[in-house]
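Structure first, commentary second.
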């Protein structure tokens, strides 16, 4: 069984038309909602006509051999920095509901991961009811955690190592679900686009968390870092050297191994570096498929985001390693729905 | 012969006491200067007593087998965002002068790379006289280029792909010297410290440059990216996938290979990834030694920043590869001083 | 023949999903475009299923006896204050193109009025190419002019009487088309929603224009004020009194009659006040139908925005008056397409 | 008997020289005060020489047949946004004292309405002692309430429907006096002058109040909206349509009728619209005389602000209606002083 | 003959009521003007009743033996930082006109010194027409120069040594009149009141001017520093010491003696210090009478601002010294009107 | 015995190199510390080679006949406005420790006065632990108090008369030590350099304190104003006049005499003015030697800052006066260490 912990929902365009509308009326028309038929929903997942990524979401999963994918909102659509906060709340709820319906429609193929109604204008405690609703009522298995609800517009928020975020960590522990650390939109005046912002935010997230007391204060907390940890595994020597000055004797690798990392990288060499750096037992198969990487590599005809093939290619992995990466590690981190018997 | 393209000057403390003083009087005491005797200067390079990094700068070079190191200002000391601009100018000049004296004192071991008096309060054209002075009068072989003179305080400056920077690129081409892209200080409210800011700025620098017209408008321009390109080689699959959508057919690797990268990473796996990603011919040996990595790895007793050993360990490199990395590539990028015969 | 000068396009949801998408990627995915089939387009205009306003756009026109409607972008969707400016440009072009296709599909029922790519980050001269394209190439008969591209976020832009806007007025005169003064979105921290912002902006627009040299500097300029002039006709006594202090002898009513006003009010008493205040010859039938007023009045079962009935009810109007309001005035202000014979 | 609920005090110039002085010394000279003799005070009310508005205040009242006028501070002089807050307090007190002396001098012609020391730098609870002093000690019958102590400089204050204002509403209910909603000064960068700012603020005030819980939380609260409600009665159809979507069944007219409106409009048609829209029982005669409208209409020689004549002209009003407008409604809203017998 | 170079006009309260009014309407009522009769004007100068400073302005001059006083606007009333700039222009013109009328009414007792319409929103060149009007048309003998039109609200303006001010210096030289350096109002958030702001601004003015090229670029420029130079003569040792490090050999006293200083200090010891520090030939009698110092000293019954007595008390001055201070120096700096013969 | 209450430590350059370093790494390298040998420390005090001020600190004291000097941090080096606050804390502690070692090395010549870790980002209560440590553990006899931790960058802090500062006053009273009011650095955009900023801040400090309740709320508080009170003694007449309007009968001189003043002025005339103004019993000998005034007066060969000679020159002082100034007053304000017998 292959479990992909990093997927994003393929929702009908009506969801985004709804978003455009609440952004336009800023709440003046009331909450409203997204009316989508089951056919439209199914079409957004399985239809080849008009598929954004060359073929349908389901075709991607099938082609890549992914049995179960954990799907969350498309991060770049999340609009955390918009005002008033209620429109962020509404759109987040609608998106989570759409994920829920997808999971219900394809219960063996999808499990839900919630977006949170994070905004700079609300407090972490304000985001917890939606976390609770999605986990307790909708059966979601995790949440996205965006380290930058400012969406790249300064001043920066407190880093993830700051006590500002503790209410979220407490709720995650109480509900016993992991969070996938993943930033969302990014607006001017930032120089980077949202996709590069992901990488920067993950880099800051890892370094901030590992410089903090979070791992001691929340030993049960499960945080997965998207995109294989941003720059950290590649630049890890800098941090190891610095950590070696620390009299505690805890190495930087020790610290990193209190986190989990997905395999969402699209070159084999990089994935190998990840495995060697943090260890196979801290890695979860993740492909973000379909998405940024859903284009065929002209050199070999493969989809760039067919991460499974890249992992299969790594000859020094044995079957146990691959089973851990593809399935077992995910099952230890997530409470996945039991397959229907 | 081993040439290290990424070193920073070990200057007497008086240089930094001078900096503290101009920061305190903000120009009210006039320019003044740093009075350092040759003995003090030599001591800062060769004395074991009081050496900041476990042993002296020269001992580090000798132990690592580095024959010639290109030394620039310590970036984190550069204070580009301070006011008034003249104190940045003064301190940059004093630092460059100190580098020059080091090079004169140890002409076979050091070559100079200039700091530029970059500030948010001055224009790129204002920074060129010091570039010209150091190259034409002091014989420096390159310059540092800081993509973020704001030192992490928003709003961000134009990215390196912007025409804002063209006067610098024109001057580099005219003087026929390369620039080492390397940010400097980083202040609150940024969440990252200066060392992580290096990585982030390099990541933004590479992606901005490769998304721009710079490589077409300045085909002769030579830019070296510090710390092996930040996050880019590790995350390169994302960019390759995106680039594959570009009808021009130019791959992201093609684009990356218009830049150079130093090897300033402190794990063998990461260095291997660099070589495999951008090709040996675009890599220059760089260790930033002594510096952040000048601590012994408790696992094997090696200095973390003994990058030469890491490269020697890579068994799939042949002698020609190593000679390219250690010497020939640097000689093709820099006009190095001829050794005295 | 009844000509409605104030209508907004009913576009397929894909247009707004496109908007949500460019707002999310901020240009990183490139311009892209909206793929809409003729069937989808037709459905958005004539389909009763899923119609936003109780019945389809075309059914509204038919029920109200509107023969020709001049349609412009839905103002509240226009997002003038977003960054970077290119996404405003793209979305404006796509919207105008959608209007053009509607006009081509129903050439006897619709004529086009363009949105302009106004932003706070661009200059009025930057907006003129799109004005020129829509009028000269697409045959549009007018443009929307938003007095507040800041969308209610301070500081306020120069008022319409300021020379800042002269390039627009020059282009309007050169192209010989009128502008409908109509603000668009409105964001926090403004206290009013977009709909009330319309009224406030129109009020400021009229008073600013009439206090300025615009009517003398551009005697040929044709500006139509939406929603019957905001508060001005109701509060006109204040302005008349003040104007009576002016030695020129020009009354405030004289000044008002250099502008045109649509009849977009949803009570008969208010429409009567408009006619009495500015004169029938300065009034153009406009209903903004379907839209804010497309709900049935529980007292009489009429649609609130069935403005034609309200005008028919006014017993002191004669046939000539009604013909002026419904048709002739519009034909004198707009160069309307000749009906196919 | 004719009661005018909207008049402003005609004070001696010394009051405004005092204001200029406190604005100049910003409190450094201490509180000081305004020394005005009874003769000077009387002169400001009855003297024809130097009268600002063509003839004296008293002559205006006599000519218009106004028996009793409720006078408050001249709003445009109120300087709510100045610093430090104590100078606003001082000037407000001096102005209220001047009003009190006018009322004592002409007890049958004037009743007092207090200005409040509102500032952006103080809290609503800080303004209540002056409300209490003027009502309880000086016998004032109402207060002005400025929805925008920022005087048009952003960011906007909370709208009147916000709980921010509840302490004021509580005090009004406790003291059983009404408030006249009336903004005051307006400064750059606002585009509108103070007089147009009145209209805009009243429009926002009505819509904000009616969209809020205020009328439910304070059923005894009496708020009178100046200038006949800004734009709302004219644009009421928009709001009625929107309200018809509300399942509660409460119409917008129902909501409006929880407020009172003065008749301070200077054209008959507009006043008729007001009466028809909100009902005669919610209208209070108000002329703001002498003031903006105190200029003769060149067409008929009448004073623009002779609102009584405009009302007399409305032929569909009967005597009872006029008595309600001119006298009875005011008496039900205000606890007016009993005439001396 | 005793000439007092530092006096401020005693104007009727109507001038300040005018100011209060333009501040209230911000230009909406048009320019208007101040209507003052000759009797009112005379009363403001000679009337004992209601005199602000214990006795009338003229009585103060007579009692102090002042024959001719140069009068300028009351600085603290100048409102340089208000918007829009035209209201500053209007009030400055009205004030200068009032000064002119005083000078015409009492031609042997008063000469005029102009206020300039300085604002942060206009450029120095915008202030010159009023300088020219007052000097060339009204016969004024000098101008006030406010180093801080921001009125204590940051950010600070360029200091007087900056080239920003050169257009003013050029005009002063061309017209051959001196400027009295004297700041005006001071608003929060500054910690000091306007009176202390005078002292601070004069201190900054002197040090900035003497550190600049102004005295070399404008050898004919005549600048008089109010209030005896702020803190500089008292603290002069600091500046002398610092200047002694300057290789030019020009002492700080030499530099100070390129400026003039008035004697506006209210203790004999301080005045003696001034004379000893800058030399009698650089001092001009100035009392600022009536004003801040117009209160009787309880110890000796003298007016604090009877500076003449303080100077008479200094026993080491001879008759020639006193004549220089009281008359000759002023005549050399100002082109005073010839007394009527 | 001559006690100089106003001296600043002459520390080895390593202290300032440490400062430059923490400013560069902003805390990323950890606290670290300054390693200085006793020889280096002694050299900074007594070595003639490389002495910044013409001769060594000790030679200055000997030449001026100063027996005991109270030394505090060099104010212009204090960097109170830097971030994060911990680097200010670290550098302040290191500086105080250096002072302590100087005092221990030369116990008969030096006593310590502490710098406080004041920053705009921390509260007064946060600064008290270091006050307590230096007084209680290190035996310091007083502290510096900087009225402007913003270092001239707006907005200004609360003035010293504000209750904001009360925790400091309470701690001073509890510990029974005086504070020397002395600002520190000054940065752009301020127009003045740090040295002039001292004078301005002292002027504001005196006037703010004397206008407040501090002297009544803290009758035991001992505040010494540096540089002889800024501008106040010279300009005292203004304040006396204003105070004479105060009905309490307390004169401004009475108020001033609740403070102490050092004699740190470099001209005899100014010192005489100080003595005459505030009285000899409120003056403490202070020279700030070596420092700004440590340059020889070319006219007489004296050091400008040889304040003792200037005082000796004042012929109207008697021996008792001089003993009070040089010794007794200091002993009454400070609890000085008893000389070893």
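As written, the chain order gives the labels A, B, C, D, E and F, with residue 1 at the start of each chain.
Please note the rule applied: contacts are C-beta pairs under 8 Å (C-beta built on N, C-alpha and C of every residue); 3 or more make two chains touch, one makes a residue touch a chain.
Quantities reported herein were computed from a predicted structural model and do not represent experimental measurements.
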item: Minimum number of chain-to-chain touching steps separating chain B from chain C; value: 2
item: Minimum number of chain-to-chain touching steps separating chain C from chain F; value: 3
item: Candidate from A-C, E-F or A-B with the same interface as D-E, over half of contact pairs in common; value: A-C
item: For chain B paired with chain E, centre-to-centre distance based on mean C-alpha positions, whole Å; value: 57
item: Gap in Å, rounded to a whole number, between the CA centres of chain F and chain B; value: 43
item: Residues within chain E bordering two or more other chains; value: 189, 195
item: Overall pattern in which the protein chains touch one another (line/ring/star/complete/other); value: ring
item: Going from chain E towards chain F, every chain in order around the ring; value: E, F, B, A, C, D
item: Chain C - residues contacting chain A, complex; value: 13-14, 16-17, 19-21, 23-28, 35, 50, 74, 76-77, 79, 83-84, 185-189, 193-195
item: Of chain A, residues touching chain B in the complex; value: 154-156, 158-159, 189-192, 195-196, 199-200, 203-204, 207-208, 227-228, 230-231, 233-238, 240-242, 244-245, 265-267, 269-270, 272-273, 276-277, 292-298, 304-305
